[in-house]
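Take a look at this one; I'll ask things after.
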């Protein structure tokens, strides 16, 4: 037993990936990214480092926007949103993401909700973290069936793009020049071979893949205390689940 | 004595020129257009005709806009502003207006405030009434020194433009095809020759120029009663002046 | 402008073939009015979602009233995918205009400003462009280098519809921070609004309340519909009825289940009010 | 963000050569801060008036601090023309970028949206285009016919400054219906604000108050300046001091009179507060 759950590891990893940012926007139905952002905010406050601002989209209480739904996008284009999370029904080895569906568009066999703001945010937010807990060949495909937003672009103004890919199993970096992911680390309980088997696209990997950095005792304490408290305001069900997992582990 | 002042005649003429509109915007420092609009609103209400909406720009109480200074222009572009008033330091025979200055731009000898919204409103409001009380050759020139906004345009989208020119002396129509004014009527106390002498540009005129239609007794009563009351809210000094003129005339 | 009418009279504004703009769930969705619209069966609607839709869009699709769907997403949120939407997509039952949220906002702002288009960054390289042939790529006229940028055409709905907490008797509507409702209304030829209640006092009376108001100038008709967003939430008033949305999500998986749900929907709306 | 500082510290944000955006008189002009800025003598300012200016612009011009003036008008309102502006125009003392109000708004909205330009109707055929060579005419990409339309480039001020009734201690600022202040602030790299007072309670607390708020995210520094717009008006708080503006208008007719007026201006600001 590593002394932390897989979810706690992911949250702590998100906090590390966000390190240095001033403003992150997270979705109202995205508790893990929100938890990571809250962990970073709390530990920066304790260390008297830069203040972290978290906009929870769609929330009435934790929404600091006053100009309607367009403000997230304007704010992003102004360079005031440093980090954002995107997922996808499919993600391929060039970091293209598909939020639309599988099969031939438009009459896709499986239809997901749609692109939302991805065809804008992916281009303009400097640090986009691709986050998908499910790590399987059906998600991580050689080539997406529909490009909601491409991983890289040539010949256009594009200040933003993929910074990392985080899953329930591993953490990848993305090289924009090579247009390829490289495996940075594997979460406790998994091997590099597990990741290779569960990933449908090719990627680079070091000979010896390290384990994803375990959350420090201090980080775990903040996460289990203050952050879980903060989470219960906007994500009560998720906060309960975290508490439950902890009891089971104990 | 005609039983009405020159100002009352102008106000009643403005009400006639606005007849049929639903929404007019007037400047906070433009009491005569506002008075004309209020007269139309009052008499339409009495006759149970279409409701007239008056937006007094810059007013805190009579401003029905909630989207800042841009709303007048957006509202206009949406086709929701039927009439507007423009003046000018110079106006020429092709209905070009100059709100900038005289002499060689940019180092103009006489400098007026500037174009304000004229280079937009003149193009987009269907019924622009050119209004300038001073009727003199220095205002009504053969050719303006600077075109803040042209009277007519070819080859562009332009749903709006000049509808009439009203001065302290006379009322002109404007013919967009001929790009010329034609004298419709002369106010009581002036002759067609007075107007010709005071106008620096050439214009068409009928052989016998009628006198500008006198305000009816009913219109005068509404103007001297309800409209003067309404005016005293937004234009107290002007309302006092109207009351004063009336006493002198009586 | 801002006339207060019955729900039926309000719903009659939505004519067959019209371009109808609807807001996202967090902005106040006129669900009571949707039932009244469905009763009139206006076919071949072009629904513009600002910028996404949920149960409302799914219902209109399920009823076969949608000819064109312009949206950045359709989802029932926590209750999952929108079943009638997914089914209709598979069958190709309507013209699908997939979008991305900021492009919908930009199109409406172009409509609001009376300009033919607005430029927007991003999008280039997305498969959205394969079907959104109404979006064009132009050279940025202010760059000396090659700098392609997308321009999206103005969106000018015939009718926009939403649900709000309050209108006053002069026809002004409280929209708070939901500024997209103002943009949507200004861009539209007509705007119809259902509200929880009518205030006797003008909403423009104080600076504070005026800041969050859609003026009557842009409001065509208003109808009172208590709990008119149910089972969806209304900001500042009530939350989503999670169980009811889940019930819809489950039943609407099949055409028969959807029909059964809709059968009782108008009645349950009355009960919920 | 939204740090509360002294007037002097706030004024120091306005550096020589910077692009400074200022609002119209009806939006709340930071006159106290203007005196503090003048004391620092930042030369060669590019002043962007949103969309017009009055006494504030005239003072900055009279002090010789303006290198470029971008405005749709300069006027002292009822007190007449702006004398230092008129004199400087005659002498060609600065670069003059005459504009028209909606084009200023469109330029700032482009800045707010991070797009290089916005299209706008009108303007073609106006002599504005003779000197506004930064405005371009393009073919409307959505028209098959010839349809020229103006595009104006984004305006991105380095600093915007205004005066408001209230900020809260979290740095949020009340702007009410003056939405151009939000656009101006969002388009600017930094925004500095003077206020009548600081509220302990968050202005975002209720839906009503939140609707009229510029969030702290866009606010760099705030200073308390009671009657900080004097002698100009502040919406919802106090009217214009007509006599004082008339006194300025009369004195500023000559450089000497202007100098004499300015000599006592900072002192009178303190007395008025």
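All chains are identified by letter, namely A, B, C and D, in their written order; residue positions are counted from 1 within each chain.
Heads up, the rule we're going with is that a contact is a pair of C-beta atoms (placed from the backbone, for glycine too) under 8 Å apart; a residue touches a chain by one contact, two chains touch by 3 or more.
Computed from a predicted model, the values in this text were never measured in an experiment.
Colleague: Between B-C and A-C, which chain pair shares more contacting C-beta pairs?
Modeller: Counting C-beta pairs in contact for B-C and A-C gives the edge to A-C.
Colleague: Computing the C-alpha centre of each chain, which chain sits at the greatest distance from chain C?
Modeller: Farthest by centroid: B.
Colleague: Centre to centre, by mean C-alpha position, how many angstrom separate chain A and chain B?
Modeller: 60
Colleague: Averaging only over C-alpha atoms, locate the centres of chain A and chain D and give their separation in whole Å.
Modeller: Chain centres of chain A and chain D, defined by C-alpha means, are spaced 41 Å apart.
Colleague: Counting only Cα atoms for the centres, state how far chain A is from chain C in Å.
Modeller: Chain centroid spacing, chain A to chain C, equals 29 Å.
Colleague: If you look at chain D, which of its residues touch at least two other chains?
Modeller: 109, 113-115, 120-121, 147, 149, 177, 182, 210-212, 235-236
Colleague: At least two partner chains per residue is the criterion; list those residues in chain B.
Modeller: Only 65-67, 73, 77, 124 qualify.
Colleague: Let me make sure I understand the interfaces: which chain pairs count as touching?
Modeller: Pairs satisfying the touch definition: A-C, A-D, B-C, B-D, C-D.
Colleague: Contact residues on chain C for chain B in the complex?
Modeller: Within the complex, chain C contacts chain B at residues 1, 112-115, 182, 186-187, 204, 210-218.
Colleague: Once bound in the complex, which stretches of chain D touch chain B?
Modeller: Checking each residue of chain D against chain B gives 24, 26-27, 50-52, 71-75, 77-78, 81-82, 85-86, 89-92, 96, 98-103, 105, 109, 120-128, 130-131, 146-149, 177-183, 235-236.
Colleague: List the residues on chain D that touch chain C in their complex, please.
Modeller: Contact set of chain D toward chain C: 106, 109, 113-121, 136, 138, 140-143, 147, 149, 151, 153, 175-177, 207-212, 235-236.
Colleague: Which positions of chain A touch chain C when the two form their complex?
Modeller: Against chain C, chain A makes touches at 29, 58, 60, 65-71, 73, 77, 99-101, 105-109, 111-124, 146-150, 153, 155-158.
Colleague: Which residues of chain B touch chain C once you look at their complex with the stated criterion?
Modeller: That would be residues 23, 51, 53, 64-67, 73-80, 124 of chain B.
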